[in-house]
Amino acid sequence: MRKICFVINNRANYARIKSAIRECTLRNDIKVQIVVGASGLIDRFGDVVEIIKKDGFEVNEKLHTVVEGNEPISMVKTTAMSLLSLSEVFYRTNPDIVVTVADRFETIATAIAASYMNIPLAHTQGGEITGSIDDNVRHAITKLAHIHFPATKKAEEVLINNLGENPECVFHVGCPSIDIAHETKGETTKSIMTRYSGVGADLDFEKPYILVSQHSDTLEYAKAKEQISATLESINSLQYQCVWLWPNMDSGSDFISKKLREFRENNQNSKIRFYKNFEPQDYINILRNSTCIVGNSSSGIREASYLGTPSVNVGERQRGRVKLSNVIDVAYNSREITEAIKVQILAKSYAQDLTYGDGTSGRQIAEILATCKLSVKKNPISN
Amino acid sequence: MRKICFVINNRANYARIKSAIRECTLRNDIKVQIVVGASGLIDRFGDVVEIIKKDGFEVNEKLHTVVEGNEPISMVKTTAMSLLSLSEVFYRTNPDIVVTVADRFETIATAIAASYMNIPLAHTQGGEITGSIDDNVRHAITKLAHIHFPATKKAEEVLINNLGENPECVFHVGCPSIDIAHETKGETTKSIMTRYSGVGADLDFEKPYILVSQHSDTLEYAKAKEQISATLESINSLQYQCVWLWPNMDSGSDFISKKLREFRENNQNSKIRFYKNFEPQDYINILRNSTCIVGNSSSGIREASYLGTPSVNVGERQRGRVKLSNVIDVAYNSREITEAIKVQILAKSYAQDLTYGDGTSGRQIAEILATCKLSVKKNPISN
Amino acid sequence: MRKICFVINNRANYARIKSAIRECTLRNDIKVQIVVGASGLIDRFGDVVEIIKKDGFEVNEKLHTVVEGNEPISMVKTTAMSLLSLSEVFYRTNPDIVVTVADRFETIATAIAASYMNIPLAHTQGGEITGSIDDNVRHAITKLAHIHFPATKKAEEVLINNLGENPECVFHVGCPSIDIAHETKGETTKSIMTRYSGVGADLDFEKPYILVSQHSDTLEYAKAKEQISATLESINSLQYQCVWLWPNMDSGSDFISKKLREFRENNQNSKIRFYKNFEPQDYINILRNSTCIVGNSSSGIREASYLGTPSVNVGERQRGRVKLSNVIDVAYNSREITEAIKVQILAKSYAQDLTYGDGTSGRQIAEILATCKLSVKKNPISN
Amino acid sequence: MRKICFVINNRANYARIKSAIRECTLRNDIKVQIVVGASGLIDRFGDVVEIIKKDGFEVNEKLHTVVEGNEPISMVKTTAMSLLSLSEVFYRTNPDIVVTVADRFETIATAIAASYMNIPLAHTQGGEITGSIDDNVRHAITKLAHIHFPATKKAEEVLINNLGENPECVFHVGCPSIDIAHETKGETTKSIMTRYSGVGADLDFEKPYILVSQHSDTLEYAKAKEQISATLESINSLQYQCVWLWPNMDSGSDFISKKLREFRENNQNSKIRFYKNFEPQDYINILRNSTCIVGNSSSGIREASYLGTPSVNVGERQRGRVKLSNVIDVAYNSREITEAIKVQILAKSYAQDLTYGDGTSGRQIAEILATCKLSVKKNPISN
């Protein structure tokens, strides 16, 4: 029986791996170990531990690794703290495979700790290209990983053709986040929202609303305030109801939070309500039921394309991704944002797009984790 | 004027970048900053600080980052400590470019700290392929780096064709270590050795000797003792004079050190003398004057090929490298090692090979560092 | 010329040492070095760096050491991070004396780093007794310190008679915070508040107001929410205007912040306005001009007694202190708090009390730092 | 049932607490948890884990916390690493009491982690006075500890009268190390030494020998080399057989190790044999069978006085201790050392002295740990 260790560092990580965890727990040949660290433990970014427990999984380790601060030095130090804590967890518990998700900055700590300690490392979302700084981290993790679970066909090709990975270790399985979208039964946003409080305007969830999720672009974190302002201004001018998610923990997120708080203080009549976190299934329905999603969350690309939800993708953070019919790219410019939203309001919805998966990703990942050949020797690149 | 920060983590790092540092100090448009960390500060691995000072350079920062231990967890923790210290140095001193050398495990800390803090990162020796675990670290650093200084034509091709780097940021300049080999005036080993003490047998340096430099292969660090034994047995059976370098700091190095110490205690009549460290120029002459070099140091490939010194490359650590005429590859097997040494003793020497550089690498690097376009945005891979 | 290094970890630290720093900068025989770390750099606790700069001092080092989290483990990890950063600062800059202030948890890092590195350590506020967990930290620092600056006569006696310190190294100088109270020229709160924004009710600063500053009691941090509720309820029921300071960074402070935010959302008609931070002089005037101070800040004891401002001291955090005529002690109980406030409103003001100093503390400290005998050998306790 | 966590940081720690651990494991109302960290895991300082396992106890946690280096900054960083690791152990395992031993620099990490996390802390050897830097650490730990187990009557008085501890929490129980001396059956050194290898001269253990154990005095670590030289010179000039223990890990220990290695290389005819570590019982017999013990190990005071073994105490490290009839104090001066050894050779042996315990310490400690009232509130000092 293999012990598979999933390292979850934030709310988004969890939604992107949850179905794979569940499928692993259903097997007799896998013992699941769940480690939650970084912003996954921090209340103001949405404590993931409670959500995981509610889903019936056990959180085996909680690692306090976030070094507070709004400048990039805190990202480096948080990565260091993650290395210190994860190395002790791996040393003590000795997993057969470590699974790391996507590309957030602290994710590289999981990759280094596992690979330096000669533990096979599996990585999801490798090979994707966005054009942002996340690319660097994602590709560096690829070079440390032994088993790859790219979400798209194109990402699989990048891993093999452009990053020199061994095709035998690359498995195009789709994104587990699509499994959630696939499985989640519909629920009205009105019903969902009885379980969340939020702060700001009182919204009427029988009427349409826009969903906003916009994070800091760490390459330009000093501009985070002006970037978020463009979106705020656009949404406010439209006077359309809006569900707004707090940003995740990145350099610049404090600038965003501050701007959002200032806005709230000074715009008591806005139609925006702010929420910290939703459970993955609830998020799917809030997204599905929305008029459109605005910002730079990757869910505006991946889950939205599966659901056919219109999406306005702001700025550079997701710019290099595969182009999808439901997405309109705009700059950090309130006029551009407003116009794109207007187009999307008219569009209503798009056809389902299976680029990011067909709902079987978690099951495929579990099968591969249980049965794949394990080795920490990577084939050398041969050119 | 650009401030260029060189991070040196061990004795080998320094020899591989020294000529570039010197060329930078000679320019008016560059201010050099030297940071020494990790095993570079540890006496038992050969304190690099004194050597750098003797060369007339100033050591601006000394970072105590080595977490002691013989298991891989210490490599992870040392990397974490390097992140913590380097992030503070970069925060306080704000360099324009950070230069990192090669592929040792703690080197990734330099790459993460610089790239997360939006400082352009230059990397030497990217694109090389050895087949060992170092490949993973080296390639991961490549994906975080903005400016690449590959040592060979083939490495340049790997960076561009197999790792997706932008050709405009890849500069084939050769290896600065060849500059040292190129510039160093001959000196007899007898004369050099008056400046070093060492322990073990008294050697007659007017007679021929073999040079041994064999490190732990971290993927198989638990086998380090038996691997070093094969080489010890071979050298001892030949009863040929031998200059033996202590291993560097890696998981498994304690096993090697212990074995070497045991050997010394129990073989008072051997013809082996052990040394901790040589200055780069002295090392070149000791290598040049030797009958052959044995082990798995990359100097047996790169400097030795330039000097035409016969080389017996033991085990997997350098296995995947470009094949060169002066190198015989053998397994960790005393009989194989002995036979290869006998062949090399007869070979005497080989023709100079310029695969790893022609002696102008440092000057080229300095020129590029002074004048290249600086950006922390990397072009997305386009496939 | 002696290099004196002041380590400032939060807004309160600075007010308690500022006059000593100023007096040191005025001398020719002292070079001042200022290090700001821990919550002193965190915007949500009140960034101290800007305040120090405005006072005309240079901040020489900024150390990002706060590990985020609301549980005590974060206090331990923050202490560890402070040790790592401070040890590098001391190693690099080599001060003649390090000065540490009071008793917050991360303060022990300054004491350990300096004393382990054989640098004489001066400590202010040693020997005070409050009955809270802070006593343990304060007394432990005393045992590591070489030069003691107790604020009161009684504290001096505790240091010598109860903690075994050498009388020759104990200097009763008063508290530098009293110097600020002594020197600060009066200014109306109305005028001061034009420089601060705050959030919450609009107050009329021509009318009287209460000042609240209540922190978490770390020994009972899980009760922080209910403890703060008692005070909130009391203040709210009185419908008296109130200036409320956010809590500092301690285990439990998140519970307090959360409760305060909830209160704000749900009590839009309250007469409470919340502020993050005031400059030391402004704080003095806001305190001086207030009807009374409520909570468990030590300023309710020390500065308030000097100013004669009525004080309601809630809970255990300051319980063991010297009793002063201007202070009424109450439990975490809204009824008790309300009654005490009513008494203090009637009391109006008290006579000036010089227990904590007469306004010359900073000058005395500077003189001693410049001229005292320096040694890191402490006299053994002789009993 | 109480979970009692013993933190062991080095070989000496273990001998000083072993009998208490054993007595705890024999009880039904205590569950023992053993944590080994710091130099306890480092082979070159004597790996304690194997010794503990051989005694039949389980090592529950191994914490890699040693930051390598010979300067005091490494002591600070090692303390920081211990804080990080211990805080995670305490967070995850939640012990009822943490037990810390004596006064080594990294011991303060145990005290801080436990007390900050509101876990009752028990401390052995508090209240002792040596006059060295260790006093500061020992007394600081006392101020953080909740339960005190002083070894001597005098130490008990110091804790209560000079350090302000509550008499109800101070238990004079003697030192567990005396239990080992009390219980250990005699064995000839010749027989013991068949189980240890060592390096250096071949000794005839049927003939008398001196035992040397001399560590660095961290306050004067830069003088460590000259201090050890005095002892080496003295022993060498006497040409008396000598069992010499390597120093423990402190600033300056590298200087000592280096000097010892040099001496070995250059004095192949000396009568000194060097050993890294002995198991506690074996150490007792080696001490008991020796002509006298020389150096600054506290075993020259405590175990030696119980055994009646003559002792020559060199330098300041143990200077302030209770004076005992078997001890002669000398300076770091080879002539003084030689003369004192000659006196002790003639003295042969002294009467048993029970100052440090009567052999029942472990049982008393276990009983108190199982039954004492637990609280993390310390009584305020009342003066």
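Here the chain labels run A, B, C and D in written order, and each chain numbers its own residues starting at 1.
Convention: contacts are C-beta pairs under 8 Å (C-beta built on N, C-alpha and C of every residue); 3 or more make two chains touch, one makes a residue touch a chain.
Treat the numbers as computed from the prediction; the structure is a model and nothing was measured.
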item	value
Pair of chains joined by more contacts [C-beta pairs], A-C or C-D	C-D
Most widely separated chain from chain C, with each centre as the mean of CA atoms	B
Approximate Å spacing (C-alpha centroids) for the pair chain B, chain C	52
Averaged-CA centre spacing for the pair chain C and chain A, given as whole angstrom	41
Per-residue multi-chain contacts in chain A, two or more chains	64, 71, 73, 77, 81, 84, 88, 91
Chain D residues within the chain B interface of the complex	41-43, 64-71, 73-74, 77, 81, 199, 254, 258, 265
In the complex with chain B, residue positions of chain A that touch it	71-73, 75-77, 79-81, 83-84, 86-88, 90-91, 105, 108, 111-113, 115-118, 129-131, 133, 135-137, 139-144, 154, 157-158, 161-164, 218-219, 320, 376-378, 380-381, 383
Sites on chain D touched by chain A in the complex	61-64, 81, 84-85, 88, 91-92
